[in-house]
Amino acid sequence: MSLMVDIEKKVKGFHLKVSLETEGDYLGILGASGSGKSMTLRCIAGIETPDRGRIILNDKVLFDADTNINLMPQQRNTGYLFQNYALFPHMTVEENIGIGLRLPEKNRNEQVGSMMEAFQLQGLGKKFPGQLSGGQQQRVALARCLVYKPDILMLDEPFSALDAHLKEQLQEGVRKLLKLYDGDVLMVTHSREEVYSFCQKLVVFEEGVSILYGDTKAIFKRPKYHAVARLTSCKNISPCYRVSDHQVYAMNWDLVLTSADPVTSAVKYVGVRAHDLHLVNERRVANRDNLIRWNMNKVIEDVFEYHVYLDKGDAGKAKADAILLCKVAKEKWNQRALGEEVMVNIPREAVLLLE
Amino acid sequence: MSLMVDIEKKVKGFHLKVSLETEGDYLGILGASGSGKSMTLRCIAGIETPDRGRIILNDKVLFDADTNINLMPQQRNTGYLFQNYALFPHMTVEENIGIGLRLPEKNRNEQVGSMMEAFQLQGLGKKFPGQLSGGQQQRVALARCLVYKPDILMLDEPFSALDAHLKEQLQEGVRKLLKLYDGDVLMVTHSREEVYSFCQKLVVFEEGVSILYGDTKAIFKRPKYHAVARLTSCKNISPCYRVSDHQVYAMNWDLVLTSADPVTSAVKYVGVRAHDLHLVNERRVANRDNLIRWNMNKVIEDVFEYHVYLDKGDAGKAKADAILLCKVAKEKWNQRALGEEVMVNIPREAVLLLE
Amino acid sequence: SQEEESVITLAAAASLKNCLDGELIPMFREQYPEIQVEATYDSSGKLQAQIEEGAPINVFISAAMKQMEALDEKELIIKDSIKALLENKIVLIVPADSDTFIETFEEIVKMERIAVGDPDSVPAGQYAKEALINLNLWEIVESKASLGTNVTEVLNWVAEGSADAGIVYSTDAAFTDKVKVVAEAPAESVAQIIYPVGIVKSTEGEEAARKFIVFLETEEAKAVFESYGFTANQ
Amino acid sequence: MQLSPILISLKTASVAIFFTFLLGLFAAQWVVKIQSKKVKMIMDGILTLPLVLPPTVVGFFLLFVFGVNRPLGRFLLHYLGVRIIFSWPATVIAAVVVSFPLMYRSARGAFEQVDQNLIMAARTLRLSERQVFWRILMPQALPGVVGGGILAFARGLGEFGATAMIAGNIENRTRTLPMAIYSEVAAGNMDTAGYYVIIVLTISFLVVVLTNYVSIKEGNHEK
Amino acid sequence: MQLSPILISLKTASVAIFFTFLLGLFAAQWVVKIQSKKVKMIMDGILTLPLVLPPTVVGFFLLFVFGVNRPLGRFLLHYLGVRIIFSWPATVIAAVVVSFPLMYRSARGAFEQVDQNLIMAARTLRLSERQVFWRILMPQALPGVVGGGILAFARGLGEFGATAMIAGNIENRTRTLPMAIYSEVAAGNMDTAGYYVIIVLTISFLVVVLTNYVSIKEGNHEK
């Protein structure tokens, strides 16, 4: 089970340049809106034709510009969940799901039925897509892809239109279904949690170029690039310069931060995730690296945590990018010593050095 | 600024029955997939016609079945963000945004320009929707709605297709833009965080019926219904029966839980949010209510926390619904006394009594 | 006598439809039950083209010699079978309720809107043109004439008052009482208008075709033709 | 070969397509909007009728409508001093009537294929019904509408039977190209007829190509 | 009034619409697929031609194609023993040729309006090109295609000029309704002609209504 993509494609005002590889792992694709994620999937599915390069799936050459190979979408055996679903409006849910199954009617009905069950679509079989809600449509589209057992499954934001409860149920369901077949899975998603829990591997796109590829957890730990840090929702990022082998000066915050990783000359930014700013009690701090005592700028309540915005408090209203965001569990926040000043500590490991 | 909706509508196999009211607050709409959220918005916008009832916006009767009033969509001055965007494929981004602005060209261009800026669409003005990525399309649709300053803005999952970073930026942007105009806002969303931070008021739908309406924070605190608890992502829910005025027996977990609220006869379920299971150290527990010592079933790593599944460990493999999910910050989890057994405590306030 | 069944196809000018379909063919069938007659009616020019292209036609009755001669030149007609069958006349007609008072053929030039068959394609128009040329009126008429693509058009234009006057066959004028005949073309102005009949070559039903032509020349057939406004050729 | 039939035909076909286009579009959108399915079907049947009758028969009907002894014809003649029969406008009327069903039907099919969501979205964006029609429905239905327009233009250019009946065949006035072709063919002047045919074909070919060109340019947003 | 023209016309129109429908559809999808814009426009021009010529002229062309002394006609006669001219199949040929452009153009417009994403989705779902055509493209383009079919049927039913030319006007064999109408009118029998006209109108009306009914039922998933 392997996929190798190394393609280039130019369209008006956009240049796609992607190279990625998987070996049976689930590969997450993360990238800003408009960075070419969907286009990449479309190239693999055979809906768009790259200008150059190669696409190889399980030793089958799907596309090779050099030898002029360009398989029809039908021959590629890829499953592609369109971002806008692309359900057939004139077919019922059942027909949509079963359309390409070349099986005797009875078997087909069985398979379609079990898919409908897996995706909680019971009772909707006779409805037309126009009569379904957004989330129902998405589930039908997902079921339609999966019923074929394609060699590779490409999901373009498969869970984006679902409510929290259903999303978890379906993620669980899809995970189970996916276990039954050992193809590759590519998944475009904007959800950090989804990537983290679904995909062992991750590729990050920036403006058409696949800038980073690797192990998901490793990438979250060391995003390496400014763009990657942002996409994995690192809230606090500042330009910086090198102070010593393990220290940088963060310009926006006027702070020297100590890092676990060595500071190379490529490092231009430093980032800290909001969850990595730990509220501490001065008396009980073991590690005094990156200990900051700043002012509370504002506090916004979320379901289980407070979003605490900190500023240096020195010059009245602080500039927007001079603010540090810190997410604190409610419990912890309520236990803190009251007062305008807040003390936080950033572990060395949480100081992200970015290029 | 007020909206009053009290309508009924039957379509094949679905019965919508909604009543809600706002007074200038932002109203969030939460509901399972297919529960009638979009249909409600469509009724307000005038795209669908209810069978019965009334819709009144700022003292203007938009619809009244009794007096046969049914304003054209054009006369309603509502802004509706379609779930599938409904951009005009034959118009450029600029044209899409400016299409209904009846202003001299110069002013129109200005307004369109400032909208494009607010939604980070610079440089895409001359592109057609078919040339945009999913997220770009969504932003254009959002800009197109907002540029009119409608009396009410109805957003059908406005941020669902955006990457984490852009989502936050746009949420911030929309929040700012919304401050400039004092109309009502209705927002359908599946994101707990979005509802919590955007909407003061919340209405919850279940199978076409608006079952709960009230203050967002209050609803999160006391979801009241099983469905509401699920939609606000309460992970642990079990049927229960009353033991005493402040105690219930949770059947799935074989546990007696003490609650802060009095147990009425309507209570049928009990729920506990995964974040409300606090990891404790036996020696330092003040409150011994709802103290549980269970076995670790499995641990899944998320970005900042571990999802710890607990079971009673008494009978080999526990049944799926006899498991309690507990979300623990990594830091905290790592500090715990190692061992197979985990001790958690559930504050009385966190025991949700549900009907 | 149980003779072999045969079918002949008759192609005739459209103006003959009523008397052939209505009377003569049934009469013929009575006498020769073994011969079936299928008839097609259209403008003579079209029929000519169809015969040239090999349409399976046995008997051709044209509304003018021109078409028959053309076919004969191409040796598509059995030479000795060509006979002048009928004679027709061209007449000047005006709407029945017309209050314009004209009495002679020459007075046609007084009319504002004149309907004539297209001389290029409609035999009646050809004759009308010939007559008018001989009367030195064609140039005047041509400038204000609408040239009908078939006789029916010309007739209806006059019947509806769209044209103030028109030139058609006398047999056509008899179809409707919405037009009245004002005058016949002066005898010296136009050649005899002959409807010739001929047998198309290389067809199987020659014998039956001859029988049919013989029948058309019988006195009883002539009587029928005359009742429709034709003059049987002597 | 003469020039006048060419000019007359061009003039007739252009003016006719103008009316046919508008009438067809409006009839189509009107029928699409009719709620009652029965009324819809009946209207559709009626509007398609001119197509099934041989043009000559349509010509007869028109002759009976506009004839100077018929109410409408008389009215036009006596009160407005307009005599339709045998006049150039008659060629336009014939062409419009005969080509109308083509435009109407094509436009109707095209309109019905347009995504209703877009129409709805336009309404909520406060576009008037007229704007919805011209700025959303029309552009979206463009391929079908253009197709209908081409059909109607071509049909108008080739119209012969009905034209002959009500407009006559008067040189320099109502003799259109098809009429000229017919005359020449019937007279056996195949050469002249051939030239005319080539001209008709060229004109319609140019129009088809031009229209395609324009609508392909218009439609280039769909990749 | 006789029954045979009605039966012949019904038979001719039905058989003709069968061929026209298929030919039109395939021509349309073939042209839609052509990559080169130039070739596309030229093909489009050619396929639309039969519409711009007066049917009589089309008839002449057909006569020249199928004439027994012409290559095709001779081939058919000598090798297959089929003489097209003046036979019933000739009525079908005439109707098909004349109504073809209507079907082709309508279908083309309808196909071009179909959302390309659906086609792509079908391909990734491994539907063969044929299935894509029949199960996705066709149903999606249904309103336009049905519209074209109705146009073509009606046109075939009303076809007269070309039919008269190659099929003749033989009772019980090739005399279709329009031809019967023409003959009766030419013979001055306005009453009989009127009856035939009513019958033509009724048939086409029924067909239009029926087709609408069927396609409305088919299309009832779009609310």
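Every chain is named by a letter (A, B, C, D and E) in the order it is written, and numbering of its residues begins at 1.
Methods note: a residue touches a chain if its C-beta (ideal position, glycine included) is under 8 Å from a C-beta of that chain, and two chains touch if they have at least 3 such contacts.
Quick caveat: nothing in here was measured; it's all calculated off a predicted structure.
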item: Neighbouring chains shared between chain D and chain E, ordered by label; value: C
item: Greatest separation from chain A - chain, by CA centre; value: C
item: Interface ranked first by C-beta contact pairs; value: D-E
item: Taking each chain's C-alpha mean as its centre, the one farthest from chain B; value: C
item: Centre distance in Å when chain A and chain C are each reduced to the mean of their C-alpha atoms; value: 88
item: Mean-CA-position distance for chain E and chain B (Å); value: 56
item: Centre-of-Cα separation between chain E and chain C, whole angstrom; value: 34
item: Residues of chain B engaged with two or more neighbouring chains; value: 84, 131
item: Contacts with 2+ other chains: residues of chain C; value: 46
item: Sites on chain D at which at least two other chains make contact; value: 60, 140, 182, 185, 219, 222-223
item: Every chain pair in contact, whichever chains are involved; value: A-B, A-E, B-D, C-D, C-E, D-E
item: Sites on chain E touched by chain C in the complex; value: 60, 63-64, 66-70, 73, 77, 83, 85-86, 164-166, 168-175, 183, 185-189
item: Interface residues, chain A side, partner chain E - complex; value: 42, 45-47, 72-74, 76-80, 82, 84, 86, 88-92, 99-100, 128, 130-131, 144, 148
item: Chain E-facing residues of chain C, complex; value: 9, 11, 14-15, 17-18, 21, 38-42, 46, 49-50, 52-57, 150-152, 155, 172, 175-176
item: Chain A contact footprint on chain B (complex, rising order); value: 11-13, 30-39, 83-84, 123, 127, 131-136, 139, 156-157, 160-168, 190-193, 196-197, 217, 220, 230-233, 235, 273, 275, 278, 300-304, 329, 331
item: Interface residues, chain E side, partner chain A - complex; value: 115, 117-118, 120-129, 131, 135-136, 139-140, 142, 218-219, 221-223
